[in-house]
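Taking it in order: structure first as structure tokens, then the write-up.
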Amino acid sequence: MASIEQIRLDFPVLDQQVNGSPLIYFDNAATTQKPQVVLDALNKYYSEDNANIHRGIHALAERATAAFELTRKKIQSFLHAESSDQIIFTSGTTASINLVAQTYGRANFEAGDKILVSNLEHHSNIVPWQMIALEKGAEVMVIPVLDSGVLDLDAYQKLLQENTVKLVAVNHVSNAIGTINPIQEMIALAHAHGAKILIDGAQSVAHMEMDVQRFDMDFFAFSAHKLFGPTGVGVLYGKRDLLESMPPYQGGGEMIKEVSFSGTTYNELPYKFEAGTPNIADVIAFSASFDYLNSLEKGWVEEQENALLSYATEQLSQIDGLKIIGTAPNKIAVVSFLIEGTHPQDIGVLLDKFGIAIRTGHHCAQPLMQRFDIPGTCRASFSFYNTKEEIDRLVACLKRVVTMLL
Amino acid sequence: MASIEQIRLDFPVLDQQVNGSPLIYFDNAATTQKPQVVLDALNKYYSEDNANIHRGIHALAERATAAFELTRKKIQSFLHAESSDQIIFTSGTTASINLVAQTYGRANFEAGDKILVSNLEHHSNIVPWQMIALEKGAEVMVIPVLDSGVLDLDAYQKLLQENTVKLVAVNHVSNAIGTINPIQEMIALAHAHGAKILIDGAQSVAHMEMDVQRFDMDFFAFSAHKLFGPTGVGVLYGKRDLLESMPPYQGGGEMIKEVSFSGTTYNELPYKFEAGTPNIADVIAFSASFDYLNSLEKGWVEEQENALLSYATEQLSQIDGLKIIGTAPNKIAVVSFLIEGTHPQDIGVLLDKFGIAIRTGHHCAQPLMQRFDIPGTCRASFSFYNTKEEIDRLVACLKRVVTMLL
Amino acid sequence: MALSINDTQEELIEEFGLFDDWADKYEYLIDLGKKLPGLSDEFKTEENVIKGCQSRVWLHAFMQDGKLIFQADSEAVIVKGLISMLIRVLSGHSPADIMKADLYFIDQIGMSQHLAQTRSNGLLSMVKQMKNYALAYSSQA
Amino acid sequence: MALSINDTQEELIEEFGLFDDWADKYEYLIDLGKKLPGLSDEFKTEENVIKGCQSRVWLHAFMQDGKLIFQADSEAVIVKGLISMLIRVLSGHSPADIMKADLYFIDQIGMSQHLAQTRSNGLLSMVKQMKNYALAYSSQA
């Protein structure tokens, strides 16, 4: 197995100076960095194969089509999905969730129906439901979160009890504070009460194994850019009967079988939901992300990240006045914190001066900030290419920053 | 000014053999090839600046945000738009049109309203209107096309006469047969009868200058991949009052001002319509397409393409039994044709054997094929990097192919 | 007695082995296409259409004396040529034999590109549909 | 009589010229932020909030003897420091002078990154809002 130094060389962006110091990239929850093989795949596609896909019979179109469909197969096996035609390409997690809200939701929600989201959600898994609920007279209800950042499962069960919940929308992992939600249990509970469930996997895919069948997921959404792939690509997995029963989302080329002014019929899965020229190059390059991940030793990513999480938690806790927001026993390698007497933005601006990239603010999870009555947090989010030495430097710089600010 | 040989070197994909012959790429209407500078920009972004944008305060996030917003400004000046916040990034022309249908259409169409599309449209500018019309009880009516492939403007005027048309959706240029529609006149007519108008510019942007203000456009849509840019990026321009009055499309991060469970408020233009992490890398790389185009001599692209169109039309017409579909006086460099006694697919398969990439089929314009009662066409579509020598070879190979088939 | 499925495949491989260049091969294929009797209009129905083709392709199947007979047609002659080979190889055999047939000849005569999932000529769908018929009729055989 | 807008800018440039490294500069800035009196709660209203900031920033303006007076506050101290400089430079001048002021000092003291459109600290919005007030009051002046 390659050393961490070698692995870091696979990510060209990491090798640079920021404000005179070596870059420390701790903003992986916002977007992950890309291994060289993904860049190479992009470059190869555009300089050798670039063509529009699916309806062409010339050599370039065939190569591009084959490569595009290969990514679909790789995602199928990454998710352990039944079949590759249940893998729908979108432009991102947000688009995937909106697709479900606007097709499944529009066809199935009625006045008085309830949609459950959790207090831990990213805006992308709240606002689409608010919009369709408003239109349909349905109601968005909230699964509360405990002080530790863990979801309140008792309250969840109570909310389900009346059997008026049509759909539960919950993230697998909270982007703001790192909590890993007990989705297997939550899915079973939703199903037991006749509700469908959508899992927002944006933050889990880069950190843990996924098995949509074993978990019995109805819908699963994620973004390539958070899984070491290009920006502009998202995925929606759905159960076949659900996807088949849903009306199409966007209209256009590719998603049709027959168009005429007297009536139009729609294509089969997955094309029914893929209107227009897809993001061909990035889907193809995304394939290399899976190859890269598969080249790493099995289990190593989780091990490395867990080590980073424990170390960071331990070290950061030693800073005076530092409070970690989100202390769930099951977390991915994300530490959200506040330091007494300082504002997150000031911390972020000054750490940047030391070459350290963290994220500050509400992390697109304002309801969670409201819940904890805080203006935002400082969030350091790790990936397997980060090191303990980087965490040491974060801690040292934080101490310096705090003395500057206080 | 660079020679055509030098210009071809800017497009790495062109320099390859297909089935033992040099590639001749005549499928530019499906997607254009990318100059090296676009590839370089992509590579630079991912290996130096990759970060999520707009809410970050660290150096990478700032560089990425600045580069992303720079592309918006370049598009503003390319379109001669009033302001860069009227430039909305989408995933493609199809997505841009669906956005308008699902927001403007959903808010404004009522039972009995009429939506006009032309018989020349791509499915992406038909199906979204059929879908919203069906939902709203509105009616999609068709501007007929004359035998030459020119729109019937008398019929258009008659359709507008009753002042029940809410919106006209028409392409600037037909992808299937190359007709340039008289959009300036059509826009004025639409406005005179109280209708809004959306121009689908997917096929015009690579070939002619655009001025949304001079043409008084309400909406204009196009795709980067047809303008020498990356796949996965589209643009929607809209008049400010229209965009401001429209409800948001997708819900999620970025498009909100404030989210809470008691109510959510939306962001300003353009962000209101840009939910979720955008296609950052490709938007940034798209900037290089404009730099590339600006580096070419003004007027040269049109001149070169017009020369290719005349030459191809003249040479192809000399093939026995070849009939050109679409003989409008104003055309871009696209020649759609049929050869008596042969099926387009057979022509396409055999030309590919000679290394020539054309497109065959219905070109996502089935209603137009139905209008001409043909199963599809062979379409050779040119760009400025194509040459007369390539057309000579097309003609020679076509003759050979016809003898094989007949 | 008729040749076995594999005998016919060998025959085709031998026939195509005579051609050095692609043009000769395709001319032969086109010739096969032209000679395929095709289907009368009554069988060119919606149900008989094979999906995923740029040209329309129809496949008709029926049982005769325990053997499955295929007839087909297409608007495009190269597709017809390809179909004609499939019919020559598979038609007139028992459903069981058709179900288990491994159509290696396509690859060996250098036509595997036409079998690619990405080709919009529907050859792959055609093979699948033939096997589906075999499966459906196998209980009756 | 008060210093002109440009005199104050020169003063700030001189003050910042004393620091060699960024840390000293920021410590000075933070100090300025801490010293800014801020706003009482009655002025921390929705209307006074400046958009586009990660931290909340409020700006209050009023006329006194033909001069426009600015008062402001922020949750973040660096932003407060930046604002304090803007106030020192602009507050107490006539709307006309404020409208035509060219704030070159920000660049010269090495803080131009904070003025970037992309920064979500709202300094750019703050400057715009100050100029908007000046425009609005210029008729009254």
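When the chains are written out, they are named A, B, C and D in that same order, and each has its own residue count from 1.
Rule of thumb we're sticking to: a residue touches a chain if its C-beta (ideal position, glycine included) is under 8 Å from a C-beta of that chain, and two chains touch if they have at least 3 such contacts.
In this text, all values refer to a predicted model and were calculated from it rather than measured experimentally.
Asks: Let me have the rounded angstrom distance from the C-alpha centre of chain B over to the C-alpha centre of chain D, please.
Replies: Chain centres of chain B and chain D, defined by C-alpha means, are spaced 46 Å apart.
Asks: Between chain C and chain D, what's the gap in Å when you average each chain's C-alpha atoms?
Replies: 79
Asks: Would you kindly tell me how far, in whole Å, the mean C-alpha position of chain B lies from that of chain A?
Replies: Spacing between the chain centres: roughly 31 Å.
Asks: List, in ascending order, every residue of chain B touching at least 2 other chains.
Replies: 19, 55-57, 61, 345, 348-349, 360-361
Asks: Two-or-more-chain contact residues of chain D, please, as numbers and ranges.
Replies: 54, 120-121, in rising order.
Asks: In graph terms, with chains as vertices and touches as edges, which category applies: line, ring, star, complete, or other?
Replies: other
Asks: Could you list each pair of chains that touch, in label order?
Replies: Touching chain pairs, listed by label, come out as A-B, A-C, A-D, B-C, B-D.
Asks: If we count contacts the way the header does, which residues on chain D are in touch with chain A in the complex?
Replies: Within the complex, chain D touches chain A at residues 22-23, 26-27, 30, 54-56, 75-79, 120-121.
Asks: Give the list of chain B residues in touch with chain C in this complex.
Replies: 19, 342-346, 348-350, 353, 360-361, 375-376, 404-405
Asks: In the complex, go through chain D and note every residue touching chain B.
Replies: It comes out as residues 54, 113, 116-121.
Asks: Which of the residues in chain B end up touching chain D in this complex?
Replies: 53-57, 61-62, 65-66, 69
Asks: Given the complex with chain B, which residues does chain A contribute to the contact?
Replies: 12-13, 16, 18-19, 23, 25, 27, 30-31, 33-34, 38-39, 42-43, 46-52, 55-61, 91-95, 97-98, 101-102, 122-124, 126-131, 140, 142, 223, 225, 230-233, 248, 250-256, 258-261, 264, 275-282, 345, 348-349, 351-352, 355-361, 364, 366-367, 370
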